[in-house]
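Have a look at these structures, which come just after this line.
Here subunit A shows up in two complexes: once beside subunit B, once beside subunit C.
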Partner chain A sequence: MKQLRYILIRIMQMIPVMFVVTVIIFWGIRLIPGNPAETILGEKAPASAIRDMEIRMGLDKPVWIQYLIYMKRLFHLDLGISIRLKDSVSHLIAQRMRVTILYTLLCTLFTLLIGTPLGYIAGTTRHRGVDKTISSVSLVILSLPEFWFGILLLLLFGLRLHWVPIGGWGETVADHIRCMILPAFTGAIGSVGILIRNIQSAVKKLLEKDYVNFARSKGASPGIIRNRYILKNVMVSTMTIVAMRITSLLGGSVVIEFVYSLPGMGKMLVDAIDGRDYVLVQGTVLVYALVVMVITLVTDIVYSYIDPRISMN
Partner chain B sequence: MDETLLTVNNLRTEFQSGARTVHAVNGVSFILKKGEILGIVGESGCGKSATCRSVIQLLPSGGRITGGEILFKGIDLTEKGEKAMRDIRGREIAMIFQEPMNTLNPVTTIREQLTETMPGKLNREKKREEAARLLRMVGIPSPEERLRQYPHQFSGGMRQRAMIAIALASKPELLIADEPTTALDVTVQQQIIRLLLDLRGTLGMAMIFITHDLGAASELCDRIAVMYAGKIVEQAPADVLFRDPMHPYTRGLIQSVPNLEDRGKRLKSIPGHTPDLSAEIIGCPFEPRCPLASEQCRRAYPEVFHLTADHYYTCWNAGKPDGRDTV
Partner chain C sequence: MRIRKKILCGILMISAAAMSACGSTGASEAQSSSGAVAPTAGQEKAETGNTSQETTTTEENGAASAGDGSPVVVKIARGGDSVTLDPAFAGDNVDIWVDSLIFEGLVKTSEDGKSLEPCLAEKWDVSDDGKTYTFTLRDGAKFSDGSDVRASDVVYSLNRALKGGSWSSLITCIKDVKAVDDKTVEIDLNNPSGSLMSCLASFICAIYPEKYYSATESDKLASAPLGAGPFLLESWKQDQEMVLKKNPYYWDAGYPLADEIDMTVVPDDNTRLMQLQAGQVDAIEGVSAQMRTQAQNTEGVKVIDFPTTHVEYVSFNYTNEKLNDKRVRQALNYATDREAINKAVFGGLGTLCPSVVWPTAPHFNPNLTSYDYNPDKAKELLAEAGQSNLNLNLIISNGDASSLMEATILKDQWSKVGVNLDIQQMDSSARRDARNNLTFEVLLNYFTSDITDTAEEMELFCIKDNFDCWHLGWNGPDQEKAEKLVKEAGATTDEDVRKKNYYEAQELMADNALVIPLATIPETIAVRDNVSGFEQGILGNYYFNSLTVK
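Entry: the complex of A and B
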């Protein structure tokens, strides 16, 4: 009951934040020189044609009137029609979001599957060489650009070995997953370095804690010590990093989408800003802001389950 | 009750830290009988913790046993591998630690921590009952409720009790207590000491109690070994040691215990500090701080002098007047 109340309060708190986001993005996008009419018609178009188009788009009205019209629509959950793509913004976002969500899920999964064991080994090993190798390799990976890895993997697994398609998104769910393996792996390489270093230092600190010694002194099996004493405590500090990474992945990864020709959120937003597609930019940023807040809330809830010292209030 | 449980013979333990080798335990020998409480007393860094961690073989990284034997019920533990030691830990030898804050796992319930090493053949309900019984045994009120809680919901003294309950879950014959009262309030210290005495009475386990607090040691222990620079310098039954301390270090320790009768007077302390155990020491390591130091002390480590069968000390000049108040 207390938890439900807490979640409700947090959701209520999102409303004013969302309101501020609409104000900032609405005025912000209009501060960029040029408008959609100009970009659609091109530089050489006569001023009268641009003027006509602005009137049709309603851009001739004062900005605050435009804002009121936008807000009125938003109350009916209508994000409007994209100026350039001539499709409803909610439909466009829904389509692109599928790609980005699948990418985020697989990428996070790979990051955890690769990072957790390596970080744990690097943290627990008494062998200097293993420790040093893992931490320097993770540092090297951390400093390499994503697109370079992406192209390299694409050349090997796509062009040479034909294990996975060289790009695109496919038709069926199985296709989607197959198409997403390389991009997700590439994205994971980017975050795995941070995760390894974080887990390694967290594990090292934990091993000095008396409760790991105490667990040993009562004869607890290595499995219990690893899972309940080390990994569960490491999760507490790792959660924050993973949650931050998830939030940034959900915003779309322009580079990855470009290398693998994926129809994701990142490329759509960049194109929308470039073409001054006001409606699409407003809709996308608003949805993204909502996603960030929801992820933060979910993280806090999960936190309170992992770490009993943090309570929901 | 007169049966020997643990015999430590000429134990040596080293710590490797960088290029330095610290000789933390330098030939320690003692015997512990079943149901007996032995106190090991000394300043920090004298090797008392390293001795005990050697017995249970949980040395911090860099530490290793380099010599001697540890006979537990006649079996040499130094020859046991990690896997064999795991079966001994908890079931035969258990340990409790100084900081109850850091000794319990913050992210699992007290119940889990009590039951996770219980034999798998017990079912959930049996384990829960047993866990509640253990909490009741160490004097934690409303144990059923407490089982569901996490360590941060316990006070310091309650955590220490919970830790003792967890250590005793598998009925060990030897409990090693590494400064279990040091981090607690004085009143809570008293409660924990009383609890340990009660538990010895009901469970009949032997105990090694490590402390730098002579007062606590005198209340709890049957016998006390005083350690200095990795060696035992005096050992005697607790009452004898206080009545008739021989080694100048023991005397110094006893005199530096604050005493209500000496109010207003300057607190006595032993001048100087403990020697660097990574350097080779010729002669008696206490010599630079000792009021009785003589030429002989600088040349050779003292022999063991037996005052009675169960009271010995290692000092060339013990018993000579030292210009201090006699106790």
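Entry: the complex of A and C
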């Protein structure tokens, strides 16, 4: 009951935040120079044609009236029609989100599968060489530029070995997953470094805790110590990193989408800003803000299950 | 505890899914190398990615030579996607070039760009006063939906372009378009025009069916074009892939040779080149000077350079007090080593040119003052103008590697004559705003013509009402003189007068050093050896009627 109330309050709190987001993005995008009508009509369009287009798009009205129209549509859950792509914003977002969600899932999976064991080994090992190697390698991969690493992977697995297609998104679900392996791996490399270092230091600290020593002296098996005492505690800080990483991944990675020619959210948003596609920018940022808030909420709820010391208040 | 089990279950499930995906990858690989996969469109694509290039070639060879009706598909990767395919509003080259496959006009430009050929109109007559053009439409000219091209469609299309189209300023000489009968169209002009025919050959005057266009919302027309060109738009997934199919009703029997053209969007230069090297695509566009050597050194790949009207230049804002002095602009011209820029940025492929008019244009003036690199003279002129310590701001588009390279070289070269250049990167919309409102000092720009005649370029650069002389802000007696010359040339078909006037106007522009013309650069593409018939005209338009993969 208490939990339900907590969740409800959190959801209610989202409403004013969303309102502020609409204000900032609506006025913000209009503050930067540029004219969407001109972007659509091209460089050599005469002023009269641009004027006509502005009227058709409703850009001739005062900005606050435009804002009211926008809010009115929003209450009917209508995000509008993209200026440049001439398609409904909700449809465009749904299309691109599939790419970005698959990318986020695979990327997070790779990060956890590679990062957790390496971090744990680095934290528990008594062998200084292993410890040093893992931590220095994680520092190196942390600083690899994504586009460069992406091109290297494509050269090896795409051009030389023909294991995966070079860029693209494909037609079927199997295609999509095959196309996504390299991008997800490239994206994971960036966060694996952070995760390894985090888990390593957390494990090291935990090993010195009294309750771990106590459990060991009581004769608990190494497996139980690992699973129940160490990993469970490491999960809390790992969760924070993973949740933060997920929210940033869901925004789309422009560099990775560019290198692997994936039709994801990141490139769509950047192109929309570049072409001053006000409607698409407003819609995308709003949806993204909502996603971030929901993920934060879910993370907070999961925290309290993993670590009962964190209560829902 | 229960929660942990659930999480573990989740992770297991995801990894199981990933494993099974890997499994199926292996399976499809095995199948494709044994050649047992039925050639459906989707699978074929996957195959090309997997199999070695040799296998792909032989497979496609077999299909083409056997003539068993399996379609000829050409896959082209390009750097950016089109935005609108409505010819009345098409703005960028990525739009215009695709439009040149879907649409045709009354006449068309020959592949070498030097003459006009009959197209949807079989023949035409011009009245003695040059003010009435009568076109007879070709029998059997059909749109890709099978309906006939009628005179009323021509009237509708030209009127739509003239009233409210983005390009109406180019065809303001048209007074009236009339359908005499079903097959005859009469175009009446306000004044004779030397550039009308090249406009009619351009995408600006593309012909489309009145019935469909007048009944469809203009927003939809951007992504659902219908014309009488060699290809029709089958499907289009924005930023991913555009599929063009052969127009079965195309008037030129036997053409086009290809049944399908798949245009994919691959923004990254390296990825695009790798796709070609792997045989995943048959042709790539936008081969930069840096990629060119790499492409040339790949076995099975050939590089083609097409001449264009593309001239890269540095714009000065005439209305800026620092740049208002002719001597300053001339000095900056002298301070620029254009050959060095051509070598570094365009790989030496560019041709230096004395003005913004491309060198193969019909009225290109070859005898212009050229400001050859001369830093001493530049210093002298700057001292004379009292601007020995000049600070200038240069605007370029962000994310454009070659612009940044150009700008950096300019900064270095100009610093040698005491000019300090601050490079400012802006996104393309903000840059365009600064340019259009004349709030810049110096910026990098380029011009491509949309018609084969010189008129468009001369009118844009010399007539003040046209975008402040194409965003230069040029004014004063010389500009007025140039405007008068260009307007006079625009209202006659007398080639002697046109040539004389355009030559003089180019001299005025050069003497005033309005810009620094850097070089005219070719359009470079790369294709696999088994591709033939990939042709681009001087305006960039695709000539894909003979395009095929063997």
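Everything below uses one rule, namely that the second predicted complex is superposed on the first by the 312 of 313 C-alpha atoms of A that agree within 3 Å, B and C clash if a C-alpha of one lies under 4 Å from a C-alpha of the other, contacts with A are read in each partner's own complex, and residues count from 1 in each chain.
Methods note: a residue touches a chain if its C-beta (ideal position, glycine included) is under 8 Å from a C-beta of that chain, and two chains touch if they have at least 3 such contacts.
All figures in this text were calculated on a predicted structure; none of them were measured in a lab.
When both complexes are superposed on subunit A, subunit B and subunit C sit side by side without a clash. Once the two complexes are overlaid on the shared chain, A:Leu113 sits against subunit C while remaining clear of subunit B. Legend: residue contacts after superposition of the two complexes on their common chain; A:Met244 is shown touching neither subunit B nor subunit C. In the superposition on chain A, A:Pro33 makes contact with subunit C only, while subunit B stays out of contact range. When the shared chain is aligned, subunit B and subunit C each come close enough to touch A:Lys232.
Of the two partner chains placed around the shared chain by superposition, subunit C is the only one that A:Thr172 touches, whereas subunit B remains out of contact. Contacts of A:Ala49 after superposition: subunit C is touched, whereas subunit B is not reached. Within the superposed three-chain model, A:Val294 lies out of touch with both subunit B and subunit C [touch as defined at top]. In the superposition on chain A, A:Ile306 makes contact with both subunit B and subunit C. Judged by the touch definition given at the top, the superposed model places A:Met57 against neither subunit B nor subunit C. More residues of subunit A are in touch with C than with the other of subunit B and subunit C. Angle at the C-alpha centre of subunit A formed with the centres of subunit B and subunit C, after superposition on chain A: 150°, rounded to the nearest 10. Put simply, the nearest alpha carbons of subunit B and subunit C end up 8 Å apart when the two models share chain A.
In the superposition on chain A, the residues of subunit A contacting both subunit B and subunit C are 232, 306. Looking at the complex, you find that subunit B touches subunit A at residues 56, 58, 61, 86-91, 94-99, 102-108, 112, 116-117, 150, 152, 163, 166-167, 169-170, 176. The residues of subunit A lying in touch with subunit B in their complex are 126, 207, 209-211, 213-221, 224, 228-229, 232-233, 236, 306-309. Residue ranges of subunit C in contact with subunit A, taken from their complex: 3-4, 11, 14-15, 17-18, 21, 24-25, 28-29, 41-42, 45-46, 49-52, 83-84, 89-92, 95, 164-169, 219-220, 222-223, 237-240, 264-268, 270-271, 274-275, 277-278, 280, 427-430, 432-434, 436, 450, 460, 467. Those residues of subunit A whose C-beta lies close enough to touch subunit C in the complex are 32-35, 38-46, 49, 52, 81, 84-87, 92, 105-106, 109, 112-113, 147, 151, 154-155, 158-159, 162-172, 174-175, 177-178, 232, 258-261, 263, 267-268, 271, 273-276, 302, 305-306.
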